[in-house]
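Handing you a structure now.
Naming follows writing order (A, B and C), and every chain is counted from residue 1.
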C-alpha cells in the first residue's frame, strides 16, 4: 500500500473510504476486482476525452475557493441542487446578461452543497466528490451543515498551496497524457504557452467543431467569423468552409492534438453531394436554411469529419444521444451546458452505415462511439 | 418475529414460504436485505396508486368466493390462463353484451387456476398469490388439481369471517393511507360514505380523467355528458370543458384526493393554443376530430393537467407506454382492461419537455412518472 | 462424471476447461447451476433452428481441414478478424465473381486465426470454439502463433477419422432432432437421401422463404422461377404465388419439416387486401414495386405465413431486427451473410398485433419470436 491508497488516509476525525467501495459486494468477484485493481492502480493515466480548460493549466494559478472548484462548474451537481428547490442564483451561476445579481458569498454556496449532501447518496457525483475530498484533499469529516465551515477552511487552505496548483495535480494524478477539449476556433495560445513550458505532447488540444457544424446553432454566424479569422480563409462558400476546417485541424495536429470530439444529437452520417451541401451552406449564410436542412448538413459534416480523419489521422470521438438545454428558461438565463442535458435514444446501426461504408475499412480511421445511458 | 412474519406461519400440512424469497441469493447482499427489511417491515404502508374499488370498501361486505376474489378481477392471471388455451367464458369473465353464457361454477373456475398453478412459476402473479394464500389466508397446501377443493373451502371459510372484510384488511395491512382510483366523473358517494364512517383522510380518491382527455375514446361523448351532470356545467365548449375538469378536481380535493392518475399511450405534453384546442374540441363534439387531432389533444390536456396541479396541488402520476386492448376480439367481447395491455416503448425526454419547461420549476408541481418494462 | 464431461479431458500438454466456466461466479447460484446442469446434461438435444447444410449430412463425407470447418463459414469469426485488419481474401472467402484470387493455403488461414486468438477474449465465438477444440477434438494446447501448426495437424487428423463424420457427430452430440434450414425452393433431395438412409424424422428440413417474400431482394425474380419449377405452378399472379408457397410448405411437411423460419427486418404483420397484394405482386413482376410497397408486401406475407401455419401446423419462427449486408462493399464482393449483419431496434407490440388479432387464439398457431440483442 502506498501513500495514494484510497481509504487508508485518515483525517483528524477519521473520515475514510472503504477500499472496496466500487467493487462487487459478492466475495468471489470482489476478490477478482481487488486483484485486477492491485495490478493496474499504479499505471499512468491517459485522459483522451476531458473538459479541463487549457487556460487553467497554462496559468497554473492556485484554484480558488471550494465553491468555485466543486460547485459552480459541475453541472450534474448544480442540477441536483436546483431539483431540490435551490435557486441557480444562490449557487453563484453567472447570468448570460451579466445582470448584477448580488453574487453570493462562496462560503454560503459551499454551505448549500454541504447541507444537501444526503441527496447525492448513490450518485456518481457523490462518489467522485468523496474521492476528491478524502483521498486528494484529506478533509476531516463528511460534508453536512455542521461541518461545512470546517471543510471550507480545510479545502481553501490546501488549494492555496503549491501542491494543489493545476500542473502539480497533473503530476500527482500521474497523467501521462491529458487531452483538453477546444473549440475549432480556439487560438490554441494556452497550448502554445504550455508547450513553451515543456508540457507540449503531454497536454494536448482536442478539436471540437460542434457549433460550426450545426448551422442552426445560435452562435453559428459568430463562430464562422471566428473561423475565418483563425484560419485566414474568407469562409464565403461551402468549399472554403471545408478548407478552413481542414486548416484548423492541421493547426490542432501541429499543437499535438490526437482526436476530434463530436456531440451531435443524432449519429446520422448520411453524406450530401457537394452541390447540395453548398446549397444548404449558402442558405444558412442568408439565415434561410430550414431545420431539416440544418439537421441533414450536420449529418453530412460528420461524414466529412471522418473523411478528414482518414487524411490527418485524428481519432474521431462521437457521443450522440443528448438533448441539450432541456430547460429553455435556464438556457436563456444562464446559457447552455449547465446541467440540462438529458439523454435521448440514439440509433447507431443505420446512422453510422454511410460513414462505415465509405471509411470503415480505411486503415487510418479510428472512431470511438459513446453511448449515454 | 411477530405474528405477521412471512414464512413462520405453518398450516396443517406445513406450507411455508422462505423468509428470504425476494432477497438476493448472494450471501453479502442478502444480509443487507435482511437488515433493511427488519428495520422497515413494521412501518405503516402508504398506497398512493391502487385500483381498489371504493364501493367495496364502503360496503364492507365479506368478500365472495375465491374465484371472485383471485381470478376474475386479476387480468394478469386471466391472460396467462387464456394463453394456455383456457376460454375466457370458462373463467367467468362477464361479456359486454350480457349474453346469457352459462356462468361457470366458481369452484370450477378456482379448479382451473389450481390445475394451472405450474404455469405461473417465476411470475409476480405467483409471488403475490403465494403471499396472500400463505401469509394472509394460512391455507394448508400449494394449489394443484388435488388441493383445489380443500383450498376453496379453506379460503371461503376465512373470507366469510369479519377479520377478512375489506376495512378489517385495511387495518390488518397497516395501511396508513389508501388511494383508490376513480373516474373523473365518479359521484364520490362511496368516499362520502367512508368519510361518514370515519375513514375520510385515510381512504381517499384519485382523479383519473383518461377517457375525457381522449376524444377518440369510444365512451368520450357519454363521459362528457356525465361530466356535465356531475359538475353542473354545460360542457359545450373547450373553455367550459376545462372549467368542468377544474370543478371536478376541486370536488376530489374536497373528498381528500392527493393525486391524479394518467394512463396515456404517449408521454407527449405539447400544448396547443387555446384557439386550436377549442377547434379540436368542437370537431370532436361533431365526431369529426381526426386521429392526429385526438392524439395532439390528449398531449395538450396532459399539459393542462400539470397546470391545474400547480394550482390545486394534486400530485400528477403519469404512466405512458401501454397499448391497451391489444386483442380486438377480446376487447369487443369482454371490454377493455382484461389482460391485453402490452407495453410499448415510450419516449420521455422530448415528450415531457413542454411540461417541464413550463412548470418544472414550479414549487407546487409534484410529478411521478412510471415506466412499464 | 462421464467421458463427455467438459474439463476432465486433458490433452498431452494439459489444456482443460473449467467445468463451471459458464456458471455464475457467486457460490450460492453457482451451486444451483451445477445441480441443474447435473440433472439435465445427459438429456438428448433438440435443435429446432440450425444452419447445418443438409447436403453435408447427406454426403456424410469427412470434414475438410480446420480452416474450412472453423474459419470460412463462421461469419462472426470472420468479421472479428476483418475488424483487426485481416483482408477477406486472406481468409479464403470466395468472391462472388469467382475471380481467380490465389486461394490461400488453409494452413495459413488457420495460422491467422490462431495468431489472433487473444482478440476473441470474452466472446461467444471463443467460448464455443474452446468447447469444440477441447471437449470434442481434444487438442493439446490453446491456439496461438506457436501452436497453430500443431493444432492444425491434430484437428486434421481427427476430422479424417470416421468418428468425426457428420452423421457420427449427430450421434455423438445426442441430437434427437436436427432441423436444417432450407430455402423454400430447395429440392429437398438431400433430405430424401437422408430419409432413404433411415435418418428421416430425425434430420428434418425447415421452410425459409425470405427471398421470395421480399420482392426487393436482388434474387427475387430468379427465386420466383425456381419456385415455379419446384412447385410445378406457373407463378404469374399473386394467387398462384400463394398456391405455390402452400405447395412447397406441403412438400416440406411431407419431408418431415416442423417449422418455418423468417428473417425479416421488421416484425410488421399488417395484412393487405388480396386485391392490393395482387397489385403489388404484379408491379414487382414488372420490376416497378416501390420500396414502400416491397416493405408492406413482406409484412403482408408474414401474416399469410401465420395463416398457412394454422392450416399445416408448421411452427412459425420469426427473428426480426437485423440489418443485413451492412457493408455494401463486402456484400458486393463476397455476397450476403458473411458477417455484416448488425442488430437494429425492433418493435413487437404493434407489429405483431394484426397477426395475433387474427390467429393468436387459434389452437394450431405456434409462434416463436426471437430478439437479437
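Everything that follows uses one rule, which is that contacts are C-beta pairs under 8 Å (C-beta built on N, C-alpha and C of every residue); 3 or more make two chains touch, one makes a residue touch a chain.
Because the structure is predicted, anything quoted here is derived from the model rather than measured.
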(request) Same or different, please, for the chain B to chain C contact, judged on whether over half of the interface numbers appear on both copies. (result) different
(message) For the identical-sequence pair chain A and chain C, what's the CA-based rotation angle in degrees, nearest 5?
(response) 120
(request) Report, in whole Å, the distance between the mean C-alpha point of chain B and the mean C-alpha point of chain C. (result) 45
(message) Please output the residue numbers of chain C that touch at least 2 other chains, ranges allowed.
(response) 26-27
(request) Spell out the residues on chain B that touch chain C in their complex, using ranges where they run on. (result) 25-27, 82, 85, 323, 326-329, 342-345
(request) Please give the residue numbers of chain A that touch chain C in the complex, ascending. (result) 26-29, 32, 347, 349-350, 353, 356-357, 360-361, 363
